[in-house]
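Going by the order they are written in, the chains are A, B, C, D, E and F; count residues from 1 in each one.
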Amino acid sequence: MELVFALAIGALTAGGVYLLLRARTFPVVLGLTMLSYGVNLFLFASGRLATGSQPVLGTAAQYADPLPQALVLTAIVIGFAMTAFVVVLSLRNLADHGDDHVDGDPKKRTPTSKHARERRPL
Amino acid sequence: MNPFIEYIIAGLLLLGAIFTLVGAIGLAVLPDFFTRLHGPTKATTVGVGAMALASMIWFANQPGGTGFVEILIMVFLLLTAPPSANMMAKAAMHMELPKVDNTRGDPWQQ
Amino acid sequence: MTHWLLAPILIPLLGAILQIFVGYAPMPLRRVLAIITSVLTLAAAIILLNLASDDTYRVYAMGNWQPPFGIVMVLDRLAAMMLVLTASLALLCHLFSIGGADEGTRQFHSLFLFQLMGLNIAFLTGDLFNLFVAFEILLIASYGLLMHGSGSSRSTPGLHYVVLNLVGSSLFLISVGMIYSVTGTLNMADLAVKVPQVSGDQRFLVEAGGMLLLVVFALKAAVLPLTFWLPRAYASATAPVAAFFAIMTKVGIYGIIRVYPLVFGANAGEMANLGMNWLFPLALATLIMGVIGAMGAQTLRTLVTWQLVISVGTLLAPIALGSQKGLGAALFYLLSTTWTVGGLFLLIELVRSQRGSASDKIVMAPQIRHRTLLSSLFFFGAVSAAGLPPLSGFFGKVMILQSTTSGVEMAWLWGTILTGSFFTLIAYSRAGSVVFWRNIEGNIENSTPVTPLLAISTGALIGMSVLMVAMAGPISAYTNATAVQLLDTRGYIQTLQTPMVEEGS
Amino acid sequence: MLGRLSFPQPWLSLLLFSIWQLLADVVGGGSVVLGLILAWGIPQLTQSFWPERPAVFKAWRLPGYLLLVLWDIVIASFEVAWLIISPRRPEPMFISYPLQLDCPQAIAILASTISLTPGTVTADISDDHKILLIHALDTRTAEEVIEAIHNRYEKPLMEMFQ
Amino acid sequence: MSLPLVVLLPFLGAMAAPLFAQGGRTAIAIASTVPALIALAALFPHWQTLADGGVVLHTYEWLPAIGLSLSFRLDGLSLLFALLILVIGILIILYARYYLKPEENIGKFYGLLLCFKGSMLGIVLSSNLLLMMIFWEITSLVSFLLISFWTHKKGARRGARMALTVTGGGGLALLAGILIIGQIVGSYELDDVLAAGPIIKAHALYPVALTLVLLGAFTKSAQFPFHFWLPHAMQAPTPVSAYLHSATMVKAGIFLLARLYPALAGTEQWFYMVSFTGMVTLLLGAYIAMFKHDLKGLLANSTISHLGLIVLLLGMGTELATVAALFHVINHATFKASLFMAAGIIDHETGTRDMRRINGLWRFMPHTATLAMVAAASMAGVPLLNGFLSKEMFFAESLALNLPGYWAWLPPVVATLAGIFAVAYSARFIHDVFFNGKPIDLPIYPPHEPPRYMKIPVEILVFACLMVGMFPTLSVGPLLYAASSATLGTPAPDYQLAVMHGLNLPLFMSFLAFFGGLLMYSQRKRFFAFHDRFREIDEKAIFEKVVFSLGLRANQFTAATENGSLQRYVMLLIVSALAVAFLPISKMGFFIGSNGLTPVDWPTATLGAVLIASALATAAMHRERFFALVLISVVGLLTALTFVRFSAPDLTMTQLSVEVVTVVLLMLALYYMPSWTPIESSRGRRFRDMGIALLAGSGMTIITLAILTQPFSSISEFFLENSKTGGGGTNVVNVILVDFRGFDTLGEISVLAIAALGIFAMLKNTALTPPPGDGLGHAWARQSHPTMLKQIARPMLPMALMVSAFIFLRGHNLPGGGFIAGLITAVALILQYIASGFSWTEDRIAMRYHNVIALGLLFAVMTGAGSLAFGYPFLTSTFGYITWPVVGKFELASALVFDLGVYLAVVGATLMMLVSVGRISPHSAIRAIDSESSHGADTITLNQRETK
Amino acid sequence: MIAIVLKISIVLVVIAALLNVYRLIVGPNAPDRVLAIDTLAINAIALIILLGITLNTRMYLEAALLIAVMGFVSTVAMAKYLKRGSVIE
């Protein structure tokens, strides 16, 4: 079971990192979100895995480590605040430059458009 | 536990699971978006409903745990499924998604 | 348990909350309340400094829970020093801001005070995860402040800053997870006890966690190769914000000073001095990068942002070498450079406001108003920043140079710092002489007057380097005692034994 | 003044109180008091969000209607399930259903009912509240669907809301 | 006290200077002499002590940690220099009174001059090397400001920067040298350092220290190859040239060599480095001086040459040579300062310094001419003048220097050659200026004698030249003796200060130089023609070019590294993290701890596989944004299920609620963005990124696996044990959040609040134009608020609030709490916004979100602070059970009030974030105008904004 | 018996979830994907209920309730985006 869990964290990290390395704000936001999923699961894992051992006194025979759960809860909320901010910042970037490239002004950045290719949306 | 109750629970569970599966099959195999919309909105509601009922009965027969949250789950599911379906259908109609050729009548847009 | 430890946290927090409430009240009221909050924070910090000077640790157990279980605030010399540094910088920047930079959005003062609170928590907390939370508070506030002001130039550097720091936050959490997964604790004193006991393969987990944490701190401190977010972010911020941000890189440095000697210090067995062999060359490289950046700067703002990078390298090199003298020296220099660079940021704003479209570009322009005042301030700031006598930057650098004795490290450190100073000197003299002296005919319209408030807050920050020289004796005694306290971890570990408040007492 | 202390939406309060009791696993004194307070307080806060309430609402007719719908859902579910599994190709149809109801709440209930009963989905309500667009999964004629809905659901609803 | 006072007074004077400047030139000039006069008076009482070979020391503690003290020392050497600085200083002040024009910034000038004087006195009177270092660098800085006094002159600015660069840079080298000496000796006090000479010279770092110190001295004293800055410093006003760049500052390097003589001199390295540098400089300066048409240029290069001479003497390392060096310091200062002043007068009266135009001034200003000619003669080494005496001594020493083999000829030959040049350029100074036909095209014609008092300083100095030249023993004998003894650290050797030493080889060399020089001057046309064949090096242009190209290169390098590419920065960050973690993780390897693996549960594993697939698919399909968004929702949903599977109900609920809010937010944002992402990276770049991502993923997998299989114990036992008894709740996670680690939570809601405020502020003036339709070419539909959704959403609100209240209240004991409840409330309200519109909903929400947030924070803080009243720390919780009739037992916990704060903050912040984004929709703006009156100024300004 | 039935049910629901994911991946259109994720959320409710019975704990039911109360909001937001673009206006 641990291997599945570890692989899931690995996949979330890998996917998140790949998206972080993209050139547009939207994939970067997705990457941050996914990375934080991975990190939250990882932090959660630092208290080890347990089944049916929710740390609510009197409801289980033994209890999972409650501290990482509290930490992850904090991390989720903070992560949400940060994501929200970065989403809005992307909008601001878009408003300021008319372009959602992470490096802003299309005139000022090094041209990469030779690789740009139209794709079907949605 | 009373074996009769056990049968009921087991039956409900299986019923629920099968309905859930059938709904999913519908989603997977039906030919266009509008027909697919039928699968989940009902099969799953019934499926989950059966399982929720099973859960209620199960816990009613367990020491220390009776509860009716399952009813609320059902209430909210039934309350929210139609507007979801409505909104999705609207989106589909707006996007003029293809409908299977033997469909009669026309969608509209507003 | 003295409640004074709460003051630097609660005062700005309550001030910030008040600012939200009065967000739609008239500006003068908001400004008065904001400045009162800053003044009170500084007063509280000074009181704490006074307390900390007796070399004992003061612990404040939040919620009256015994460490390592609850979150504790720990006041020691380092914390007190950082608090005073921050509060004084904040007050002066805040004063500058009410000269008009706080207009535009109603959130400026609350964001500013929130950031102050985040910084103060970071300096006081004795808990690794709480440090993370403090970082997040000060970061999110800094994001908001960074975006304050009009114009479209700051969204991209802001985005870069935010995204990198968010990745940094993720790394922080990963690191906390790795350390907790082995030691089962988050309290720093408890970590100092537990980490040396880790053995076998578990050691590698803690080690990797510790190294990742170093990357996080290095990112905040803008150590090479994680430097590049800094120049544009700072160059685009509103002046008082940029000036206040002079403390931000120091937070990363603070993190290193706080965590590494304590948890991965000399006593950490196989993990002793973790990462410091990486840090030293990188610090020197950072310094060099900063100097190159300063040499190539085309605006005064850019020049000073690279000065920040230079000071990071200068600070971290002796810290990495780990000697008590070096640490003390670095702390002295930290005070000096933070105030000076902060002051320079403010000054540049004044210069910029006088130069019309030439702004702070290092090009000729018609002669500015208030030239004598502004150029003198620039001269003093540059002298201190470049580390020339008689201002405090020089003393800091001398202390840093003195802290090494022979060996390859010494050669590298001395060579880099002195050569760096040399080129910095060239950069400043070129910039200053072009901006202030190389004038073309004509006069500038729309120059905003330099009000006494702006001049005094700028002058006071730059003047701190004079004050530091006058008080060099006591200040260096303080920083050296701080270094001694930091390297002797027993005292910090003792905080675990703090008695809680009993019923009826 | 006393008016503010009344229950502005008694049926809603009742509904909320039932929700509370369903949530609270134990029926105890404290729980009931708390539930009553909330069932009174929440409508006070939210009444402005529900401005156009139906003039007439015969709530006692509602449980019967709900049971009817529930029964239909279960029954129709089997039909649709069978339809999905069977190899026969369904014959779908878009149907315009002329509404006789005019209260928007009632229309929403009707539309929901149609969506929940297997085999039909309310795809849209016309902006003038005169027509429902229904997608039927498998039907021969529009009339039989329209008639079934009208007789089985719309009529009871008209009785309830008029 | 007197010594620090001597140093301090000029600085005080400098501060007062702007005040006096308002009184005019005379007032400030008089005021400026006061510090010097007091200083002279203060030094006078010490004379007897010094004459007896004693030393006056005044030491005050300053910064013992670095070995820096305020210690001052007066001995013969420092007295000699101090007198030069003070006396010439007074003369310069007087001279400058007439030199400067009334409209010039005299306050600044005198202030800087006094600053310079103070720091120069600081150098010579310091008894602590670090203190000396401080003054040393101040002189460089002040010199920079003085050279560029006429800031509008390009040459002045450039000359100043070049001077600062060279001397400041040398200062840094000197600093290093001094620090090494300090490390060797263990003290920076001069007494200790001078006493430790043998230790220093024997130390392994001696060569390094000496080289660094010499770098400092040579740059300051304009020795080859650093000599080039000095001629360009002549852009300064002439008083500055006379004072700093001939009499005092450039002598600082020589002072340093003399000061450290006992500590550093007497080794072969010293000999070769110092004497050869001096020799080259001597010759080079003399040669160049000959060809300068600029009066001050001639003098500057002559200064270089004379400084070389003194350095050469000091390098010789013999005691007599040292005496000669010090003697020449005095002599050079007197004649050169007077010459500079004379040059300044000429410049002042003719408007030019070009000797090709200045001719025959004898007729116009005979008085000045006489003075200048005497001084120039002294410079040439004409007998009966002071220059002659020290030059004789120099010739004698050059002969005494016994280099091996043929090399023995070198010093005397160089000395004579330099002498020839010196006579030649002195002759030129006399002939070409005061005779040689008529002036050509002078800007000011006819020239006059300067004001009477302007000549007094020159007269005094020329008189000194004569006095010393004719009565050396009487005039400077005791001072020179005291200075020599102090320099050598032992009583000075026997030497004779006579006007004539009889017919000897040095005298012959003087003759040779004299007539050779005259001959050379008479043949000057040939020499000029010869010299003109070489292109003159413009050091300033080269310096500018070097600095410019360094700046350019630096800028290019910076632009190439700090290229503004987020992709690069993120890559660097991630690669850094991978790099540092690589070593420990590779040591650990693929590690499965002692707890081993638990058996696979297939349904979970299947869903795990779906999670993995969705994560990878999100990355793969990210260009289709909506699709990626749906995929990442799947990831979020499965993450929530993971928390269910592994015993974390609170996390599940939090994750689910956050997920909903995030999706809504992303939908709001996507409206304005392109619906697809173009491929921007090359194939290679994408493969590189995949590699990095794969490494990161594998690393995390390995680490997670290692962690999950390790045995473990944590502080959490405490939380489980004390949750009920100490925290009053059975949901341990919630008790941790609101009690054990309530402070984290306070921070966390602060983060939310700040984010909301930041978002609100950031969007305040943001105008965004959404695309006209979706990416497939459908225009957006007109219908905004469908009936069905509206009708269902409205009853949903109270129902969801009830659920929210329930989740909130039970949170302390069962999964739930303020966060989750807050998010449910927020989502319920968001639903109203979606269903019924922005203004409709805003109209029905009574409270500004700002205030909700602030209230939430205030609740949390005040609950925490409540415990202070009872003497408990912040956030100490309390709870109790009360029994009401009928109602039964109730738990009342302060943590619940804290959680209420959390609830409010979450509701306020979440709504503020989403609504701020919703608000910028053009549709919101148009319709929201109606509701202006009920809202604050923010709303009005926002809504009046039209779309672009 | 219930234990076995539970296992079977879970397997059936997981298969259902896989079919939903299939539809989600295949699409072919955005509304199909929204429909798929909406259904997947309902499957998640089923899984939580089943797991609750398996583990004999009611601790996770509120999580299911949350999906029921709030899950449709994201569906609605997505659908509204597809049709109208502007989700809050």
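Here, a contact is a pair of C-beta atoms (placed from the backbone, for glycine too) under 8 Å apart; a residue touches a chain by one contact, two chains touch by 3 or more.
For reference, the UniProt names are A = NADH-ubiquinone oxidoreductase subunit 4L.
Note that the structure is a prediction, hence the values are computed from the model and not measured.
Asker: Would you kindly count the fewest steps from chain B to chain E, each step being a jump to a chain that touches the current one?
Answerer: Minimum step count, chain B to chain E: 1.
Asker: Name the chain whose C-alpha centroid is most distant from the C-alpha centroid of chain B.
Answerer: E
Asker: Computing the C-alpha centre of each chain, which chain sits at the greatest distance from chain F?
Answerer: E
Asker: Determine which of the two chain pairs, E-F or D-E, is joined by the larger number of C-beta pairs in contact.
Answerer: When the contacts at E-F and D-E are counted, E-F has more.
Asker: Taking each chain's centre as the mean of its CA atoms, how far is chain C from chain E in angstrom?
Answerer: 16
Asker: Mind checking the centre-to-centre distance between chain A and chain B? Centres are C-alpha means, answer in whole Å.
Answerer: 31
Asker: In whole angstrom, what separates the CA-based centres of chain A and chain F?
Answerer: Chain centres of chain A and chain F, defined by C-alpha means, are spaced 21 Å apart.
Asker: Roughly how many whole angstrom separate the Cα centroids of chain C and chain D?
Answerer: Computed from C-alpha means, the inter-chain centre distance equals 61 Å.
Asker: Out of chain F, which residues touch more than one other chain, so two or more?
Answerer: Chain F, residues with two or more chain partners: 10, 17-18, 29-30, 34, 36, 56-60, 62, 65, 69, 71, 76, 80, 82-83.
Asker: Where in chain E do residues touch two or more of the other chains?
Answerer: Residues 563-564, 566, 570, 574, 626-627, 629, 645, 649, 670, 700, 703, 707, 712, 714-716, 719, 741, 744, 748, 751, 754-755, 758, 762, 774, 776, 781, 783, 786, 788-789, 792, 795-796, 799, 803, 814-815, 917.
Asker: If you look at chain B, which of its residues touch at least two other chains?
Answerer: 18, 23, 25, 37, 39, 45, 65, 67, 69, 72, 76, 79-83, 86-87, 90, 94-95, 110
Asker: In the complex formed with chain D, which residues of chain E make contact?
Answerer: Residue list for chain E touching chain D: 783, 786-788, 790-792, 794-795, 797-799, 801-803, 805-806, 809, 832, 841, 844, 884, 886-890.
Asker: If you look only at chain D, which of its residues touch chain B in the complex?
Answerer: Checking each residue of chain D against chain B gives 19, 21-23, 25, 73-74, 76-77, 80-81, 84-85, 89-96, 111-112, 114-119, 121-127, 133, 135, 137, 142.
Asker: Hey, which residues of chain E end up touching chain A in the complex?
Answerer: That would be residues 563-567, 570-571, 574, 597-601, 604-605, 608-609, 611-612, 615-616, 618-619, 622-629, 632, 635-636, 639, 642-643, 645-651, 654-655, 658, 661-662, 665-666, 669-670, 672-682, 689-690, 692-694, 696-705, 707-709, 712, 714-716, 719-720, 723-724, 730-733, 736-737, 741, 744-745, 748, 751-752, 754-756, 758-759, 762-763, 766-768, 774-776, 813-815, 819, 906, 909, 913, 916-917, 920 of chain E.
Asker: Which residues of chain E touch chain F once you look at their complex with the stated criterion?
Answerer: Going through chain E, the ones touching chain F are 602-603, 606-607, 610, 613-614, 617, 626-627, 629-631, 633-634, 637, 640-641, 644-645, 649, 652-653, 656-657, 659-660, 663-664, 667-668, 670-671, 770-771, 773-774, 780-781, 783-784, 789, 796, 799-800, 803, 807, 814-816, 820, 824, 827-828, 830-831, 833-835, 837-838, 914-915, 917-919, 921, 923-924, 927.
Asker: Can you list the residues on chain F that touch chain A in the complex?
Answerer: Where chain F meets chain A, its residues are 29-30, 55-57, 59-60, 82.
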